[in-house]
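Shared between the two complexes below is chain A, which has chain B as its partner in the first and chain C in the second.
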Partner chain A sequence: MIPHAIAMLPSTAMLPSTAMLPSPAMLASTASLGPKFALIVPEIVVFAGAVVCAVMGLSQSRSTRAGVPWMAVATLVGTFVVMLKVWTPEAAAAAELPMPLLGKYVIALLCVVGVGHVLASAGSVDRAIERQVASGTGAFDPVRVISGEFHAFLLFSLCGAMLLCHATDLVWLFLAFELCSLPTYVLVAIGRGADRSMEAAIKYFFLGAMSTATMLFGFALLYGATGTLELSAMREAFQMQAQVGGIGTVAIMGMLFTVIGICFKLAAVPMHFYAPDVYEGASNPVAAFISFVPKVQGFVTLVLLLGTVGWDASGNAAIPQVVAAVLWMVALLTMTLGNIGALLQRSAKRMLAYSSIANSGYMLTGILAGPAIGVDATLLYLLTYGVANLATFGSLAAIERNGHEVDSLDDLAGLRVRAPMVATALAIGALSLTGIPPLVGFWGKLDLFMASAESGQRALLVAMALNSGIAAFYYLRLVAGPFVAEPTPRTQGVAPVQSLWPRVSALVFAMGCIVLPFAANQLKQESAAAAMNGPAAPPAVRTAEK
Partner chain B sequence: MTLAVLLIVLPLAGALLCLAGTERTAKTVGLLAGLVTLGAAVMMAREFPAWGTADFWPNQEGWRLFTAFGVDFLLGTDTVGMILILLTALLIPCSMLVSFGAITQRQRGFYAQFLFMEAAVMLAFLARDVILFYIGYEFTLVPLFLIVAVWGGSERRVASIKLWVYSFVGSVVSLVGFIYLAAGNASAHGGQMTFAIDALSQYGASLPASTQWWLFLAIMGGFAVKVPFVPVHSWLPLAHGEAPTAGSVVLAGIVIKIGQYGALRFAFPMAPEGGLALAPFFSALALVGILGMSLVCWVQNDVKRLVAYSSVAHMGLALLAMFAFNVVGMEGAILYMVNHGLSTAGMFMCIGIMYERYHTKDMEVVGGLMQRMPVWSVFMVFFAMASLALPGLNGFVSEFLCLMGVYTADHGVKTGFPGILGPTYAFLAALALILGALYVLRMLQRFVFGPLREPHDAQHPPGGEAHGAHGHHAVAHDLNLREVAAMAPLAIACIVIGIWPKPLLDTIEPAAAKVVAPYVELIQRAPTAEKPSDGLALNAGSPLPASPAAAGEAAQ
Partner chain C sequence: MRILAETGLVNYVPIAIALSMAVAFAIVNIGGSALLGPRREGDIKGDTYESGMSAIGTARKRFNVRFFVVAMTFLLFDVEVIFLYPWAVAYAQLEPQSPMSGLFLARILFFIGTSVAAYVYAWRKGVFRWD
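Coming up: the complex of A and B.
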């Protein structure tokens, strides 16, 4: 099976990391595994759920196979509950995590949005095979069904993103990073069952492997510059270097390679070229997934790594100037090129791919604003983007034209006649991405704008505002198409997909865009607590200071 | 729930009811919701204790939803806002009433959009917090876009997109200004983020002049798109031309007023030194708008576009008067908001009613309607005269005050109205009166009087148009009771304000004085050496303004 072959390939890419294993730093870090295990229970739940999903998908019984998505949903709900129980400030402090409450926020975010992603793909995986089996034209063949694998890989990827937050050293960071990445390659390949998705998967995988190698090279340089793999020790080493004449060139090179590698996950310039092609080739639910989860993965990694080079608990942003300059350029180019690219598209999916690039650019401005002001804004924006993005992509996943995925913007004309609920969800999602108040996207953008202003990033603030203006133009197509344009002969075949759940997912998350602002205070407090560096202080105090 | 909250919640509820109901009930539900909101607005106006002061009321703390962002849900308004709330509450039901016949497609959506817009506008006028204002201000775009794009004329696509992009970019530019100000304020006050208007105004006025210059440019630049000022005005005539009648009414009567209100409430108090420094620039733009647009009007054959372009010219005069920075001019400008809202809305209604019958807005094709529709002609001439500033009607009072403010501003020492600009500006602006008379009279002459001209296909109007084909009559009938009922309130308001403006002027005077006060102080403080020599002299050492109410009386 090709998907399996792809899953096997990366082991070669991981070789360098296994070579690092016996390092003394790694051995030292095993001493603190006790309290770490206490926090890892949610990930264990996800992992177990993934395994169960994979097994259930091979069952002879049709109803068991149909239960796979529900198993995935149950897993995520269970993870959320377990996380709430496990992730206390005391436990986080005992585990000596660099950002104690980051994991809580990220796991909650991934669970909630993950449920939406599972629902958005419900009914699309294995549809043809299940129909054949049901009608008796085809026999059940465990080699052909993929639902179990699909959901298992989806959960594995989420598990990897969650594990990132526990990272205290580069090895853990890298392993979690790859656990998050590898399943997404497989998801792209199996989500649609067409040649295009295979092409997209290959492209995604090879470029992904290259970016991983770049990142790993950066890690190696960082290790060379500090002699340690542990984040806290690395931080101390850098502080010492900074006091005696600045962080060395090797370390800065390492940091830059790492950042460039992460840029792939963020779909940020200069590693953004793959995004439109891969999104277009992937099925709609998978495109939704890879436009969100890798961003979480990338930003968590970026925040953790930049934390080592100079951000301190008091919130002073002191990233080395070169790194800051590179990030500044990346942010500016990413948002501008993303938005301009989106303007030129006729395909809804490609347009949303470019929009996802642009949104990464916005979020990078939060990183540049520093830990006390900006990281919480980035985390909040991740949430608002995840919700609105799922409402938009989920809406696309919830309709089809003559049994094929909807792709062109022309297919959306007059959608309100054929699928009023989906059209509403699509429009609300697009308006939220535009940043129309009072939808949730506005609050995310407002927070980023405020962070840029507070940190004195005037140029980025203005660039972001102008880019929002460009974005307003192309997001409008997703409102005007369904609601203003009249149906055309082309849209005759457009109808909601058979399964109810993609529609429900899109609509629920569209409602989320309206309802979440009512919880804006709590969201902001949670993200502020999550963005806190260093040993835990009571979150309430920090937010009051802000 | 207090009245202030009701003003926002009632239209929202009405909009949802419209959407939940059927096509047939939508207009009734919509009109009822509009009337109930009007009732609430009138009750609030009766209770309003701050008439004749510059105070805000009720300053009621709502939900503490966004405090983590520094946004307070504080509702309250002063006399200016209260008057605009009344205008909004009046225009919405009137505009619905006038579109009962014209809108035959997707009625639920249509009336819901108007109520959504009303709720957003009310929020903008009631907000005591910049972001709260921004929520209302920005949200008006969505219903407005849909109104133009769905129910508009043949070029609605371009018109709606242009409307959306211009307005969005404009408001984001303002937002950047606000956020920059708020961030500075936060760092100056120990990191406490706030968007309260008062706090930001206080902080903004204390900034160095160069910073204020940029701030004023950003905030006012954003609102300039909405007002609109000349280089960024081109969306408005297009939007007016393509919007359905009711859309034009609310666009001219309410939406562009938010731009002027924003200038008055935010741009002026938040960066006085910047305002003073940029006044010549914006005044010049206003003058270009006044004169240029008046000339454009002269050659328009499309009646609706003519009124739209005249709108740009009129708002230019109002803004010019604001930039004179004296109480008379400011009073005139505030009154102008109301008067322009009433008379232009009336004209758009008349044109819309005519369009329903003839399906053309071209003066070459249709004319001499006095013979066919005498009652309609009375209204048309009446609103045209009000807009032309015929003495005795409302337009005259405000136009006179505006010009007086601009003229006297240079002679602060003698007249007691310190300010900038001066006779040169007033002279140029007054040219527009003459041009105004020319184009309005030309329009009336061809359109209302003269030989009767009707399009040949009046009996067989093009069916299935977005405006809806109504009026399969051999002969166009005159106004029916519903149409009279939609326009009569506006006409009455025009007459009342025209004959007896004193109470209104008295009551907005303190608010106007409050806006002008920092500028008067700055002008008086400015050393004589800085006097520019080109007739824009700043008035050094002039006394405080004498009672501008006297000017109001003079206007009568």
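Coming up: the complex of A and C.
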């Protein structure tokens, strides 16, 4: 809100008559921001909750500190309720958002899955120091306690991802993008308190900074090519250029740089190298978080930006050929390299990191299929991936071996004996990621396959089918290990973590994989509505025709 | 001159003048003192600072990390105060008691509220403790 007040000053300075002071007329022009501000109430709730969490985490009283995760959960629940109240089609239309109902879908998704992420980390943050304080062997030391920061940064990151949906210009888009990114670097660093997590955070931060710079350079070129930062004006400029003789080289270069920068967040080839190292260094709950939220961030940004280049409401994909070709290559390579990489891993976390790379590849096929056909499939897949991914990663977060995080696949052998519920959740999550019907992952994949078929992307369709087959090999290791293999001496020390909530989170989201297909039609309608460009109209339900 | 006017570069002429003045100022001063200044060497003359405290030790000494935290906190609140200036300038232009002025006030109060929260956080975290 403040930057807008500042942004007015230079514009008034250009008018010779009004000297340096903004005229009342200028101030009145901010009235048009009203509808926009009416929609960001959910983000304000998240932000305020994050601030409260940060301060609560430093309280002298143990019970107040223990309340921090619950504060975060309450914040997300409150955000969800506020969003339902605020985000009406009329309000979205008044705010002139490029995709009016995208925010509703994404915020709901982030709130629901976000609660799962908070619960999955319950009890693991500040474990050592809180145990010392409880047993009286150590005093409370505000410098060493990190629970408040952990939850605050988690909420800040979610807040950034939510704000992305409100973007109408590149500046807003970039600020929200960074608000989402920066806290994730901190989360990786503080989530575990080990040297390896510091190393992972440093890698993540510097590579992230580089990718952001790449993206920003793309933005600069786009601005140079169109002379505007507004997404809608940029779209008009592109449409005009396309009529006159094709979109210029500068604009296409800008789009390419931007897409490559976003690929980092998606962990898509060629910006995927960091993923296994960073996930391995981060704690399990944090790895779950950064395998989901940055993907939402990346895909929302991609959808908004490609929407400006030439997708129109009628669904004609007119992304420049070069950009489409690059995206095609990225999608193909991402799913193939991701799956092949996953086959070679001994560490469950590295394997899931490669799996998250491969899933980005699948989701890119939806983007390539175009707005009316594929974007809703991508959004639906984000949901199914988020739920199944949390069931899988959450299960890893819910068990430990001799007080340390479980990492190797060997630790999972015979898990059914040591922790039957967690083993079940892990198996369901892995099967859903494989795409076994009737679990929710199947419906997500089915929609992507249909979109690829409908848009004539045969090669991608075949590649995706082959890759799903390859993926089954390694996902089934997460089922076979716990349920078929016998416990070994190594797995003697494996036990559920002390806190109940990571188990609850994993189980609830595993249940979600089973229950959500019953609401598949509803979910498809919601994602179809979210994927619509232009003013909100009654959602055109594509699923009804199938 | 015509090329300047046609390409719109004429708008940048004041910048060019300012730049050349800055460069000329530097050249004249450095050149002037090199030509006219007296050259006398000595212990005092060779000191890092000719006036004020005499320097102790090496410049490559390590600083306590607390200085860094304090500097960061200072920067944070300093920048926040800068944000208040444009707001104050804009706020004076609003009609009193209009809904717009209420909105502007609410926004800045929210902003200051976050600063207060940051202050409480820093305090509780022990940033201001020096022992």
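Here is the rule we use: the second predicted complex is superposed on the first by the 507 of 546 C-alpha atoms of A that agree within 3 Å, B and C clash if a C-alpha of one lies under 4 Å from a C-alpha of the other, contacts with A are read in each partner's own complex, and residues count from 1 in each chain.
Just so it is clear, contacts are C-beta pairs under 8 Å (C-beta built on N, C-alpha and C of every residue); 3 or more make two chains touch, one makes a residue touch a chain.
What you are looking at is a predicted structure, and each value in this text was computed from that prediction instead of being measured.
By the touch criterion defined above, A:V143 reaches chain C but does not reach chain B. Looking at the shared chain after the overlay, A:M511 reaches neither chain B nor chain C.
Once the two complexes are overlaid on the shared chain, A:I436 sits against chain B while remaining clear of chain C. By the touch criterion defined above, A:L207 reaches neither chain B nor chain C. Once the two complexes are overlaid on the shared chain, A:A74 sits clear of chain B and of chain C alike.
The partner that reaches more residues of chain A, of the two candidates chain B and chain C, is B.
In the superposed pair of complexes, A:L58 makes contact with chain C only, with no contact to chain B. Of the two partner chains placed by the overlay, only chain B lies in contact with A:L446; chain C stays clear of it.
Under the contact criterion defined above, no residue of chain A touches both chain B in one complex and chain C in the other. Listing the residues of chain B that touch chain A in their complex gives 63-70, 131, 134-135, 138-139, 141-142, 145-146, 149-150, 160-161, 164-165, 168-169, 172-173, 175-176, 179-180, 182-184, 186-187, 191, 193. Residues of chain A that touch chain B in their complex: 431, 434, 436-438, 442-443, 446-447, 449-450, 453-454, 458, 461-462, 465-466, 468-469, 472-473, 476, 479-480, 483-484, 517-518, 520-521, 524-525, 528, 543, 545-546.
Across the complex, chain C is touched by residues 1-2, 5-6, 8-9, 21-24, 27-28, 30-31, 44, 47, 51-52, 54-55, 58-59, 142-143, 148 of chain A. By the touch rule above, chain C contacts chain A in their complex via residues 83, 86-87, 89-90, 93-95, 100, 104, 107-108, 110-111, 114, 117, 120-121, 124-126.
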